[in-house]
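This is the structure I want to talk about, given as structure tokens.
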Amino acid sequence: MIALLMRDLRLAFRAGGGFGLGLAFFLILAVLVPLGIGPEPQTLARIAPGILWVGALLACLLSLDRIFALDFEDGSLDLLATAPVPLEGAVSIKALAHWLTTGLPLVMISPVLGLLLFLPSEAYLWLVISLAVGTPALSVIGTFGAALTVGLKRGGLLLSLLVLPLYIPTLVFGAEVVSRGAMGLAVDTPLALLAGITAGAVAILPFASAHVLRINLR
Amino acid sequence: MGLNVTDLACARGGLAMLEGVSFSLSSGAALVLRGPNGCGKTTLLRTLAGLQPALAGEIDCPPDAIAYAAHADGLKATLSVAENLRFWAAIYGTSDIDTALDQMNLRALAGRAAQNLSAGQKRRLGLARLMVTGRPVWVLDEPTVSLDVASVALFGDIVRHHLAGGGMAVIATHIDLGLPEAEILDLSRFKARFPQAGTGDFDEAFL
Amino acid sequence: MASFWEYANPLKFMRTTDWLLPIVAVAALVVTATGLIWGFFFTPDDFRQGSTVKIVFIHVPAAMMAINAWVMMLVASLVWLIRRHHVSALAAKAAAPVGLVMTLIGLITGAVWGQPMWGTWWAWDPRLTSFLILFLFYLGYIALWSAIDDPDTGADLTAVLCLVGSVFAVLSRYAAIFWNQGLHQGASLSVAPGTRMDWAYKAPLYTCMVGFGLIFLTLVLAGTRTEIRARRMKALVTRERMA
């Protein structure tokens, strides 16, 4: 299990692994939005929580199809499925590796982008916390979508269509935490709900992912 | 210790391909599967490996005995030879990759990234992966694709060495592997017959 | 007493629907026409909403069937996953486009109704938003079906998607309520806040609901029959090729 995690991380960081693509995308989005909306600090501050969350979500989406597609193409997914590791565990590790290479960097860079979008100072803490709590759910849900579409020819586009609706609750509660934080309101209700979704997704979805993966390898 | 398959039926894409496949292998024996393209060799191997359920019949084999190798080697291009092997060794809970490196003549290449290997060297690495699994039953799908004559001979030696150590192998191939002692099973004999329309079976399977 | 599961046999299903489908279709036509004509021409105008209120006879049944269709797909998916009856998976497949269209009808009639009532075609109200999200779920489900060649794999994958999607659809519904308390009236069949709907409206509305349910049933049965025939044809072609 640890070996699988280390391998996936190593692959991501090696040349051509695609690490940093999501980060770059997140950054570009934070630059494009003011260019499209206009430079008024009040307007940007008002929409910053939502933009940052939508940006994180799309940046996450960008790297989802790599979770299984590469392993599927070179045959190691078949080998992994016949190896003496439970597929549910392998799927969870894959999701964890995706979070470590995509979600965690997004969490860390988000305050800088908040600065670009004039996020109110009260909200920084909540931005980081909400992303830290919510992005694992994005990775786990995304892994499920990737498992569903592995081996399909037009998988990439379909993956977005399948996964984005599943991201809605996470997005709503995550952005709500930041907006409320920005307005100085209590954030515990949306934060608790966000944590609940993450916990539920982490606990249950790997079983669904492993199940559909087995079907796809049949 | 052995692999006994009785009356196995397997399907591809919801259609029965093979039925009534029976064979048994004991320690030190190899079985070569033959048959025209599309006759179900890969399907049978994937069923043996547990990737797809059998329609009927039984595969009697000790648990954790089968190591499967498909057309693709499952190698990561950006990882070195040693890293690739060490990963699979860790997954299978073994730790010794040195024997495999030595036997496959890969010692000198251990630090090289898999993407810089020639096709033959990649195949050797794929076989080294089988060795580090420590599993007695090798299930191989077209293992000699893209190998030249010398490498095929090397492959034959390696399988023979594996068999001599009490291992077993089920190999699907088109060409002569240089394994005269191996039993040959022609799969076209087991081609599934279609159930007649109108019988009870048809209604569930649409056939 | 024959078991209910006998109808999961394609042949039995086809034989039963041979005579059942025309009956259901005619019933659907008669009941829906009765309900709509009754609703449109023989009910009084609402004292505040005027005749615009009468779109309720399409809007509410369509919205109801949009949700019911998903629930039916969920049940059919579970039956497929647990008992592996092909007809069940095909019925779920056949129900999806119907549900999609019902959702669309609900959204469009809602917009047409909302324009004179609220002065806007669209509002980001939880109820409306939930329906839009439901629409997206239908789209994803149908897209997944159409992307997979192998029918059994398709049935398995879409069934799991339907299960997971149901959980997330419910979550999205609560998220939408949490996100914005809206201006859509409650589902209590009340036309204006405080006043319950009169029987003069209720009776034709219930008729329309039954009618839409029968329409749904007709379309799903017809769709399932088509799917069974398509599967059978595919099987025959494969047999030709392999023989």
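A, B and C are the chain letters, set down in written order, and residue numbers restart from 1 in every chain.
The rule is short, and it goes like this: contacts are C-beta pairs under 8 Å (C-beta built on N, C-alpha and C of every residue); 3 or more make two chains touch, one makes a residue touch a chain.
Computed from a predicted model, the values in this text were never measured in an experiment.
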item: Length of the shortest touching-chain route, chain A through to chain C; value: 1
item: Chain whose mean Cα position lies farthest from chain B; value: C
item: Chain whose Cα centroid lies nearest the overall Cα centroid; value: A
item: Geometric centre distance via CA averages, chain C-chain A, whole Å; value: 32
item: Centroid distance [mean C-alpha coordinates] between chain B and chain A, Å; value: 37
item: Interchain centroid distance [CA atoms averaged], chain B/chain C, Å; value: 48
item: Numbers and ranges of chain C residues touching at least 2 other chains; value: none
item: Shared-contact residues (touching 2 or more other chains) in chain A; value: 218
item: Per-residue multi-chain contacts in chain B, two or more chains; value: none
item: Residues of chain A defined as touching chain B within the complex; value: 2-4, 6-7, 10-11, 14-17, 71, 73-76, 78-85, 217-218
item: Chain C-facing residues of chain A, complex; value: 144, 148-149, 152-155, 158, 161-162, 164-166, 168-169, 172-173, 176, 190, 193, 197, 205, 208, 211-212, 215-216, 218
item: Sites on chain C touched by chain A in the complex; value: 133, 136-137, 139-140, 143-144, 147-148, 153, 156-157, 160-161, 163-165, 168, 171-172, 174-176, 178-179
item: Residues of chain B touching chain A in the complex; value: 46, 49-53, 64, 66-79, 83, 86-88, 90-93, 129
